[in-house]
Amino acid sequence: MPNFADDDFNLKDVINDLCKPESYNKVFLRPKFHDIHMPSVEELKQAVEMLRSVIFPGYFIHSEVRENTMDYYIGATLDKCYTILTEQFKRGYCFACGSDSICSICETSSENAVKRLFKRLPYIRKMLTMDAEAAYEGDPAAQSLGEAVFSYPSVRALTNHRIAHELYRFGVPIIPRLISEMAHSEAGIDIHPGAEIGERFFIDHGTGTVIGETTIIGRNVRIYQGVTLGAKSFPMDEDGNPIKGVQRHPVVEDDVIIYAGATVLGRVTIGKGAEIGGNVWITRDVPAGERVIQRRAD
Amino acid sequence: MPNFADDDFNLKDVINDLCKPESYNKVFLRPKFHDIHMPSVEELKQAVEMLRSVIFPGYFIHSEVRENTMDYYIGATLDKCYTILTEQFKRGYCFACGSDSICSICETSSENAVKRLFKRLPYIRKMLTMDAEAAYEGDPAAQSLGEAVFSYPSVRALTNHRIAHELYRFGVPIIPRLISEMAHSEAGIDIHPGAEIGERFFIDHGTGTVIGETTIIGRNVRIYQGVTLGAKSFPMDEDGNPIKGVQRHPVVEDDVIIYAGATVLGRVTIGKGAEIGGNVWITRDVPAGERVIQRRAD
Amino acid sequence: MPNFADDDFNLKDVINDLCKPESYNKVFLRPKFHDIHMPSVEELKQAVEMLRSVIFPGYFIHSEVRENTMDYYIGATLDKCYTILTEQFKRGYCFACGSDSICSICETSSENAVKRLFKRLPYIRKMLTMDAEAAYEGDPAAQSLGEAVFSYPSVRALTNHRIAHELYRFGVPIIPRLISEMAHSEAGIDIHPGAEIGERFFIDHGTGTVIGETTIIGRNVRIYQGVTLGAKSFPMDEDGNPIKGVQRHPVVEDDVIIYAGATVLGRVTIGKGAEIGGNVWITRDVPAGERVIQRRAD
Amino acid sequence: MPNFADDDFNLKDVINDLCKPESYNKVFLRPKFHDIHMPSVEELKQAVEMLRSVIFPGYFIHSEVRENTMDYYIGATLDKCYTILTEQFKRGYCFACGSDSICSICETSSENAVKRLFKRLPYIRKMLTMDAEAAYEGDPAAQSLGEAVFSYPSVRALTNHRIAHELYRFGVPIIPRLISEMAHSEAGIDIHPGAEIGERFFIDHGTGTVIGETTIIGRNVRIYQGVTLGAKSFPMDEDGNPIKGVQRHPVVEDDVIIYAGATVLGRVTIGKGAEIGGNVWITRDVPAGERVIQRRAD
Amino acid sequence: MPNFADDDFNLKDVINDLCKPESYNKVFLRPKFHDIHMPSVEELKQAVEMLRSVIFPGYFIHSEVRENTMDYYIGATLDKCYTILTEQFKRGYCFACGSDSICSICETSSENAVKRLFKRLPYIRKMLTMDAEAAYEGDPAAQSLGEAVFSYPSVRALTNHRIAHELYRFGVPIIPRLISEMAHSEAGIDIHPGAEIGERFFIDHGTGTVIGETTIIGRNVRIYQGVTLGAKSFPMDEDGNPIKGVQRHPVVEDDVIIYAGATVLGRVTIGKGAEIGGNVWITRDVPAGERVIQRRAD
Amino acid sequence: MPNFADDDFNLKDVINDLCKPESYNKVFLRPKFHDIHMPSVEELKQAVEMLRSVIFPGYFIHSEVRENTMDYYIGATLDKCYTILTEQFKRGYCFACGSDSICSICETSSENAVKRLFKRLPYIRKMLTMDAEAAYEGDPAAQSLGEAVFSYPSVRALTNHRIAHELYRFGVPIIPRLISEMAHSEAGIDIHPGAEIGERFFIDHGTGTVIGETTIIGRNVRIYQGVTLGAKSFPMDEDGNPIKGVQRHPVVEDDVIIYAGATVLGRVTIGKGAEIGGNVWITRDVPAGERVIQRRAD
């Protein structure tokens, strides 16, 4: 218990120091502390788990769901999720809006974003089902499609990504990044919400894989752990800060395979059906069908 | 809150779309939704933590355990754990059984698997104690054996693995994979439950390390983060799907060291005492005692 | 439910086996089970989250904090945190002290460590604010400084590190390692509490990055995922065990950039402004300003 | 922390004493500890709250229920409730069955009881709606029917009672009593599950009211706090124990009012429309329409 | 698990029956289910506990509060409480408003009510401190004033009452009744929020005590368990329903004592310093200083 | 959200008012806020539930306990309970001690009190088993002894009482009262911890029953709801405050029955085998074997 009369320690001093405006000012980007709360990562995480349980009924949260009762669980879960998400998206908009009065526009934008997301759920589930199939078919160790849904980091990360990507497209601030970072923390796979990813995508093992903001990935692509689809370098503005929003990540066409630890940097194109070997470092276009292999130590 | 009369959004439509049989059919591999619930990842996670607390008393869950009270804590924890695991293993068997009637055989199999696992616990603890010793002795930064137990990802991942491997050997479906994926998420180490791992195994740092299903690892082996013990390529069946169950991962003999980022692919043998350098790519047998080093950039 | 009369299974036998002194002895390093409880990872994790919420008010735990109410939240949180940490630090000291009587010295040491940590909080926040700025400025995908605080693994891992490093300097046993391992598990970034890291440090993506115990990093350094700042080899004592405490990790000077997957081993110096390419393997000093690039596969 | 070597205190002795068969034998009525768990009051309480939320949607648990989403919430809640209740009812049957082998009959009985209860839910809601109306109309302080549902102990206790009474009629052991005792604890109203209660029943304030097992209450009856409808005396068997199952409590006909603190004992009949004054003591039949008043102190 | 194909049981039928408009209509008084959620008893209960912890710091929730840290705890708790209460009061207003559009007036009314309540908190604490003193001084078994605060049902019930009474005066619908019913459930004391109660009020033991809506109690009054201050009868309107809002409960002047089980009915006045004996039934004015005693059985 | 600039409302003002010394001073009886925390009702409640689960294994908390596993559950539960109770009893002693330095004497007293309590547990269980038997035998509605243990308020209240009474005898401050008040809140039965109660005691229904501090009850006594064993009047000291510690409650000898609502006041003796009728008011000795009945309204 703090001794307040201690010669050289006083909790109140610590607190006061931490509350001085010069101590925290720059961290908070919002021009002032206005009335809307900050987004809550915990609430958002809960909502993402709800969406996961709706997309793959029975696998998550409600292990008792059956065909006959699915509508009840999906209905009640989506209704609750709607409430959480409209609140959190609103906070996300206000996090960025910079206004210091009541943000009715942020509230409207939030509702619209949730509605648009919900209407996309059947599409998202369809895509994720195909991703799970690709995982099952692409891994000899997989015993069943269900196993891919239940336990593959690839499917988990893509669930978050396909949700976050919709929100990124709608322009919801901060929230998509929080959602993709959840997957990064859990699955070790770092996909920026901006990346466009086609159907039947599979990342085996996945730890350390990075997919940058402006990456475009075609259909039926398979990549492995530790693969980087990154930016080579980025143009600076006159202040020496990177210019935001430039197309700077690879385009990966259909049916490409990229093995573990390979690095592809810059706005290069890996052509249809190409195969990139493990640990290879690529900063140029690779023609369709080509196999690029590292010179081996052996 | 959803506006049900909205022109272009109706929550009921979303729900109905998500409940159409064509929308979810393929995801669920079970031929029908029968009465047994799906495995619950949450319940299973709790049971694994209980086992961890029994294997290393005092370190996890019950920080108050002492020598004189150990039997009470271990006894009560195992008894509760028994109840959880028989239920979850049964769900695991039914997840795979495909039957649509009551599965008494799944219930019996589950009980047997739990009993077999419990009888192996002293052995599992003995192995893990040696793993912790190997970690302590292999890392100059380790201050105590207790530190290795408490905080080393290697020990955490191997605890899950040594449990999951027993279940894999008994033929319990899906559950071993869920247990190993927990370790993957927490420790960044992806060990397939099928891998056979000898005593005194240590993975330093561990993030990104992958050990495939048919890998065999001897005694006293040390590997580092980002090491892949993977499959080179795998034979396809006539439908172009990988054939399951082929021996396709490396054999690593006693006393081998494999440094960070090295990749060993295929059913090759790394001979006793061999040393594989960082970032090296190996697809051939390495004789006992050999040191393989990448040509350096410097 | 266990059948105690089963021919070949008896829960009591399992429990008894697990309680035999020869079964667990070596795991527990404490000379005897004395009265102080073991550190509780759960309690410690809660305290670290509290500190995070105090350092970046509004972002974590208490999303309702505003400028006018910040002092209440910081005050109440630090006061609670003080109680938790004095208990856990005491347990940490006793984990190492080996005494079997009441440890009044461990209690005093614990209180002093908490007080010293709290007095460093304004400094820690200042450093972390600069780290967040470096992240924002170093990543073209970052939309705001707040996004860096909220969702960048780099900032999360450095928060844990900068706390753990203070405790490491004060000599608190085991606790710093537990704190850094939390960040490792969540962010995939493994920074040993002993590493000395200057201001404006940024690890982009971060998964698989390892920074060893005696590493020294200057100002304004940027590294990427999968970078290893490790030990090359370490001297053994006469028993074949590594000698603890030797300076064995790199010194990285100001303004250095190290790209993804690069490995720097041993007590080498990467000179001011040097640039190390991706996947490069370095075991020698690199002069200031030099660019080291791997021979490419292309 | 217990000092195990203390001269006059040893935790192990206490534990051993508490585990001696002669120490607990008579408490456990089950002939042996067989494999089915005991009923869990906590689980049962949760199920009762679920039923309450289904009967009065929006008032309990799910405050977000609306007309358009009611079916989802009711469906998902009842499905979960079904799982909990079949388990708890089974435990209830086994609590009483005295068998020491597997009780398939208890399992079947439990399922049947849940199904019968669920089929009665519309009836139970109808009755409780009328009880709420009677409360609203009978209390000048009530502002709305909703207030009666939300906050009247009478409605709360009757919800538990009308559920428990169905189970009592079906012959489910112990469970009905546990349910009625929950209401007793929360609302201070002690209604035995055996009591038969007609529609539009209202107990104002309610604390201390007791309604015995064989009581029969007609339509439109209103009673107040502290009223006892009890047994006068009960016949003993040859061992001096009360004979169970005798009709020994009052019959209260339609439209009766019984004021606070009145006591009615024995199998007497309070005739239609009679009015019993406060604190009055009745052990005889009261003719229809009669007013019985205590001689007052004033 | 429900068998949906069972001959005579089908969960869907039960659900459908419970969702038919005629099945639930009358329970919901709100003319339509509009968008605002119903009040949440759980949220409200949490807020009341927060207020209790602010009024008596250290006794509830935050047992670590000290003089030097009190402001932090009170500040953070009130700030959180503000958020909860504005939401719940708004729901309370909407519960009663009957509007089917957005209720901006309910939102404003709610904010005003919370602000008014908060401004009354110092007064409420002053009153409750005097109530605790009266309890301590009036009960020979009380060992300390702190004991009265900690454990006396009288103080607990009056805390809820003095909060609820303020809200009753401000015209907040339903919420005050929910708050007073919490106290009724926990302490067995049923005080209608409308009752006006002077300083230094003490109810010893308290179970079964009832204090009606229009009761007025002076200073320094002491009553015991089972006392009723109720309505004698109430005028009906032409439909036979009780007319709301009539002054129908007793006026109890300063320094009165009313012993256990006494019943005082109607708008009568118990004059200053009068003493009403146990179990006595009063329906007339009692002059100041008079002692009314029941004729005893002995 | 509070508007801090509002003309007439400012949260900071409210907080400041509530923190002024004159606002809270008298409530806190401890001469200064010293370092020991206040007792935590929540922690204490948890410990009492643990003791209940140890006394009646299987009925509370751990419904899975069986004969063969009882020792584990009892052992682990008592060990945890020991930790909680030594902390809470210490807080209880410090609540009363008035010291402003470290209270080593309170710590020692606390440990001794826990040890003494634990040694009494077999005796307490024996007494409660007999109480349950008395309940079963005394109530024709009881179906089994287990039902009495599970659901009778009498057994619940006596469990708390028999624990609290031991602590009262040992002189532990405040804690016994908190424990007995828990039972009062849950069961509606208010037994002061000081009351001495013999074996085979049964309170049927129980709501509103009050048993005062200096009451002495013999063997085999049965009482009903609403019975008061209270003080008639109490001598005042020169300041007009009641003198504490006087013998002022009834002595009830063996085999007495007291029916519902009866009131017995003062240090009178109800002789062996006497029977007191319902609602009777007694302030004199009643000879052994006498039946006292109220003159009835009928």
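Going in written order, the chains are labelled A, B, C, D, E and F, and every chain counts its residues from 1.
Everything below uses one rule, namely that a contact is a pair of C-beta atoms (placed from the backbone, for glycine too) under 8 Å apart; a residue touches a chain by one contact, two chains touch by 3 or more.
Just so it is clear, the model here is predicted, and its values are computed rather than measured.
S.K.: Compare the contact pairs of A-C with each of A-B, C-E or B-F and report the one sharing over half of them by residue number.
M.R.: Repeated interface of A-C: A-B.
S.K.: Which chain's centre, taken as the mean of its Cα atoms, is farthest from the centre of chain A?
M.R.: Ranked by distance of C-alpha centres from chain A, the top chain is F.
S.K.: Can you compute the centre-to-centre distance for chain D and chain E, using the mean CA position of each chain? Integer Å is fine.
M.R.: Chain D and chain E have C-alpha centres separated by 25 Å.
S.K.: Per the centroid of Cα atoms for each chain, what is the distance between chain A and chain D, given in Å?
M.R.: 51
S.K.: Centre to centre, by mean C-alpha position, how many angstrom separate chain B and chain D?
M.R.: Computed from C-alpha means, the inter-chain centre distance equals 49 Å.
S.K.: Got the chain F residues that touch at least 2 other chains?
M.R.: 1, 11-12, 15, 35, 64, 66, 68-69, 71-72, 74-75, 79, 83, 188, 207-208, 226, 261, 279, 294, in rising order.
S.K.: Would you pull the chain A residues touching chain B in the complex into a rising list?
M.R.: Residues in contact with chain B: 54, 56-60, 63-68, 70-71, 74-75, 78-79, 82-83, 86, 115, 118-119, 121-122, 125-126, 129, 132-133, 137-147, 149-153, 186-188, 205, 207-208, 225-226, 260-261, 278-279, 294, 296-298.
S.K.: Enumerate the contact residues on chain C facing chain B in the complex.
M.R.: On the chain C side, the touching residues are 1-2, 6, 8-9, 11-12, 14-19, 23-24, 26-30, 32-33, 35, 37-41, 91, 95-96, 173-174, 177-178, 181, 184-185, 188, 190, 192, 194, 207-208, 210, 212-213, 226, 228, 230-231, 234, 241-246, 248, 261, 263, 265, 277, 279-284, 286, 292-295.
S.K.: Under the stated contact criterion, what part of chain F meets chain B in this complex?
M.R.: Residue list for chain F touching chain B: 62, 64, 69, 71-77, 79-80, 83.
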